[in-house]
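In the two complexes that follow, chain A is the common piece, with chain B as its partner first and chain C second.
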Partner chain A sequence: MITNRLSRWTPLFFLLALVNFVGAQALVLAGVTWPATSLGAAGTLIAIHLLVIGWLLLLVLGALFQFVPVITTLPLGSQAAALVCLVAVEGGLLGMLAGFLGVAGVAPRLAWLLPAGGGVVTTGISIAIWNLGVPLARARPRSLPGRMVTTGLAFLVATVTLGLLFGSVLAAPAAMPGLAPILGGVGEHALAGLGGWFTLTAMGVSYKLLPMFMLAPEDRGALGRWVHVVGATGFTLAVLAGLAAIWLPIAVIVDLRRAGDLAIGLAVALYLWDVRRIYRDRKRVSIELHNGVAIGAFAFLGVAVALAAIAAAVHRLDAVAPSLVFLIVFGWLGGLGIAQLYKIVPFLAWLVRYGGRLGRGPVPRVQDLVRDGAALPWFIAYQVGVSCAAIAAVMHRPVAFRIAMTPVAIATIGLAVEYWRAWHATYAGTAPNAPPAAAAGPVTKHPSLLINRGDRP
Partner chain B sequence: MEPLTLDLREDLRRGGEPLPRILQAVDQLAPEQGLRLLTTFEPLPLYAVLGRKGFGHEAIRHGEGDWEIRFRPGAAPAPAKPAAPRGAPAAPSDGWPAPSVFLDNRGLQPPEPMVRILDAFEHLDAGAVLEAVNERDPVFLYPELQARGAAIHTEKVQDGVRLLIRRGG
Partner chain C sequence: MNGLVAPDADAITDALRDVIDPELGYNIVDLGLIYALAIEDGRVALTMTMTTPGCPAQDYLLAGVEDRIRQLPGVVDLQVEVVWEPPWTPQRMSPLAKAQFGIPD
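Take a look at the complex of A and B:
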């Protein structure tokens, strides 16, 4: 018998992730990070790693610990391992942040903390990969979301390996002089992390969550398989050829890198087309707020890829790279993250609070744990702010960028409060007494013939 | 003898309730005459209903939302156990009584299927069996059912998961 329990530590992952997100935004508002400063500045390195490790990694790992068992219908390797992973990633991250101050010369004695903290983060990530790998490896048949998450985890390994190399070279440049040129591969590190790992994983999870809550066909057919294969091939080519070109910048390798970039663009286009199909083919007429807001995140992904394509065509990719990173981190991944949290948090809270009472008396519905009217202004402020900030970043207007980021930071805190209220069922007490769901009227198109109690023999 | 054909597709798309028409048609069948239903989905629980009247069945999926179900008389009435798919191995649920409650949870948003099943489960008599068809494996439901002393049998069917849930005595 399959027994899947709730991922015990996922709420704590989400809480810490949001704290890190707010912390990173405070640095952005203070003007000590990109795009106001260079990508290599200490403030930028601190903010970027707070965002990608502190916010996105913890968010995605917390979500995967909950949803890989749903995707595979198999339990995790261990619930306790998730907590060890959380402590290692957050603790190691704090070490890394101190280490960045060290390598930037602000506090040189702390430089050793960069590789040390990176090593602790790596330990945490290794535990996570094992914990998720147990159900993913055993799952039969392997579903598209499961395969995409597996590919994403492979890119996570590549990202971490590159990051560790960078950290070692930065902390002790004299120790490995032959490796020093690898620092030119920061773009590939970012591509493996933001693209191969986060984007492919987010695509895979969205292939499960979007159809589930919009009642659309879950089998994505050939198009879904192409998204996966073309995307994985594209990111692999781009990262490997990009790194190879550092040492061997010959035409064929540069061409391979371009082919990889093209494949990435194609995969994103196919994915966005398929997401459009999911929305169009949904059986549920009304779109819930979290999936409505997610449309904005998909638009940011499309805009980012279009911007990259245009910049590449006019040979200005390096100039727009900081804006691209911003669009992907805040618009696409962050936007999708805050939108899906708005469903995941009340769903988990509802299961924890009311699962044992189901069928034994009236309980609130999942949607009674949130109040769309309170969350919607925050979502709008976030997306409008990110849009304006992206424009300011492309136009190299640091002050305008920080002004545009102010509503984003306020909205993030506002949404965090809404998640907190959902988790504590603050609104449930004030909701109209919901009837038992079985009497709530059929959402189904199927007739009551198949819902009614059958004729007792 | 030619089977009687009942095209329910229009009626189903309009949200109609076809059970009375089906039962009326069954009553009108000549001995040895079969019934051919054209529907928009596979009506799994109907198999058990008509199975108890001695009908065997064969389901053909012509396309998305286009099913043909052929019911043939002469199959041994099987009230003692639920209709298992042809060729299925003996299940642990073989000795169970026929389901007394049917829930079709396809087309429902999570967690609605779980809410429905637990609501129906709490109204079951001890030892009685509930049959449900879900689009997805309801992974959050299992621990809840086990905590309530239920025995569960699941099997994959063409467009989802079929669950047999027996309330502990």
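Take a look at the complex of A and C:
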């Protein structure tokens, strides 16, 4: 059965995600943290979790609640569960941030909030996994994007499990002395989260959205299947062997870890090659701005993997690891996220504002809700800033890094304003290419950030 | 019959050009989303598809099609069926639409 439900809470996910993203960047600009700061520093822990939970997790979950039904053609387990998930993740995150201050000694009495907040975040994530798992489990046949998102969710479980262990050990180190070495697995935690969860999921969703928006063939054939299998195998090997090597650093386990790293590199290379095919085989000649900007994000992914390979070859991987994380978070995942929001937000806005008028009178197009000329400078500033900041991070220049991050933060706010304008249809009827019919006014002057299911149909 | 002259296929097709696919920004007729149209004594049976299964705009498109056709005088009944076979491809676009998107005819 084909069902087409809008995810009513997705816009609120996006709003909170952007607020958290700006908050994390404010910490960077204030000098509280930067990529080479000690991972154990409270400012670093707060900024990292604002980025990966507050920004990326909310962004990806909000997008999945909208697009898993598109991928599977089945509805979510529950619309209401998405709201509970949102409240739990954001509320739990705030608790965790306070808990980090406690663990760092800034406010010791708040240390208990770290595992407690982590537990609440975990509850929210568990709800999300169930909510998304319902359509993913029922879908037949299982499409490549659906299988990749499912694999990503499995890595999300692994990431959360590791995170809970870290939080418990950090909050009460004396209670679990045998588990204390797990803190040496921060790299594996990051690999499971940024790689297995976010990257495989982003790859899977992109396999649906890129062909859909560019009118390219959706069937990725054997190459797409290899991306999934090699990527999943690589991340699994790297995480498991990396963790095992903490307690048992014998040659065979270290070699397995390296094999996993190689498989990850191969999967990314295959994926980028396949993305190139999608762009090349597209029927829609002109590339829309969001997909043009996404090319930069794919480039950041390629640069990150190349940098990792070079650093590993000269035994400098640990030294560049913070820069790699920065490139992945801001360049690849963040870059892809802000690019796709430029399409998703006006699309949702169109459905909410004009969907009910279709067939009853003139309506604008989705592209009439955005103004590329206004957004393009922000995208350029973001990508140039991230590029310069990455170079500064590799060269261990904290002041240069903060200077480079200034346009990134300004661009993020500028883009958030553009998303806001799209949501409120500020540009409707004013686009140069808009047909005369586009002059029609919106049905809802001030829609709330949730989608009113009372609207037709 | 309701006493009015039932619209013919051309009239219905013309009316459906008022309904656009919001993402592509083009009318559903020239996009090739209308697969079949039958009219008999004011009873209209329409078979159509979407650009992709699971399209979030599907419900709105269906409602838009129904609303637009029911506005035509002489329509006494309307059945709209959405099918996925054969799947839609850009090659189903009209020459006009292909030109708009730069797709070779």
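The rule is short, and it goes like this: the second predicted complex is superposed on the first by the 426 of 457 C-alpha atoms of A that agree within 3 Å, B and C clash if a C-alpha of one lies under 4 Å from a C-alpha of the other, contacts with A are read in each partner's own complex, and residues count from 1 in each chain.
One rule holds in what follows: a residue touches a chain if its C-beta (ideal position, glycine included) is under 8 Å from a C-beta of that chain, and two chains touch if they have at least 3 such contacts.
Note that the structure is predicted; figures quoted are calculated from it, not measured.
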First, second, both or neither for A:66, with chain B first and chain C second: second
Partner chain(s) touched by A:367 [first = chain B, second = chain C, both, neither]: second
Contacts of A:285 with chain B and chain C, given as first, second, both or neither: second
Partner chain(s) touched by A:138 [first = chain B, second = chain C, both, neither]: neither
First (chain B), second (chain C), both or neither touched by A:316: neither
Contacts of A:359 with chain B and chain C, given as first, second, both or neither: both
Partner chain in contact with A:225 - chain B first, chain C second, else both or neither: neither
Chain B and chain C footprints on chain A, overlapping residues: 2, 4, 6, 69-70, 73, 212-213, 215, 218, 283-284, 347, 350-351, 355-356, 358-360, 366, 456-457
Partner chain A, residues of chain C touching it in the complex: 18-20, 22-23, 25, 51-68, 71, 82, 84, 90, 101-103
In the complex, chain A residues that touch chain C: 2, 4, 6, 66, 69-73, 212-213, 215, 218, 283-286, 347, 350-351, 354-356, 358-360, 362-363, 365-368, 456-457
Chain B-facing residues of chain A, complex: 1-6, 69-70, 73, 212-213, 215, 218, 283-284, 347, 350-351, 355-356, 358-360, 366, 436-438, 443-457
List of chain B residues in touch with chain A within their complex: 12-13, 15-19, 22, 40-41, 43-46, 48-49, 52, 79, 97-112, 114-116, 118-123, 131, 133, 135-137, 139-140, 142-144, 146-147, 152, 154
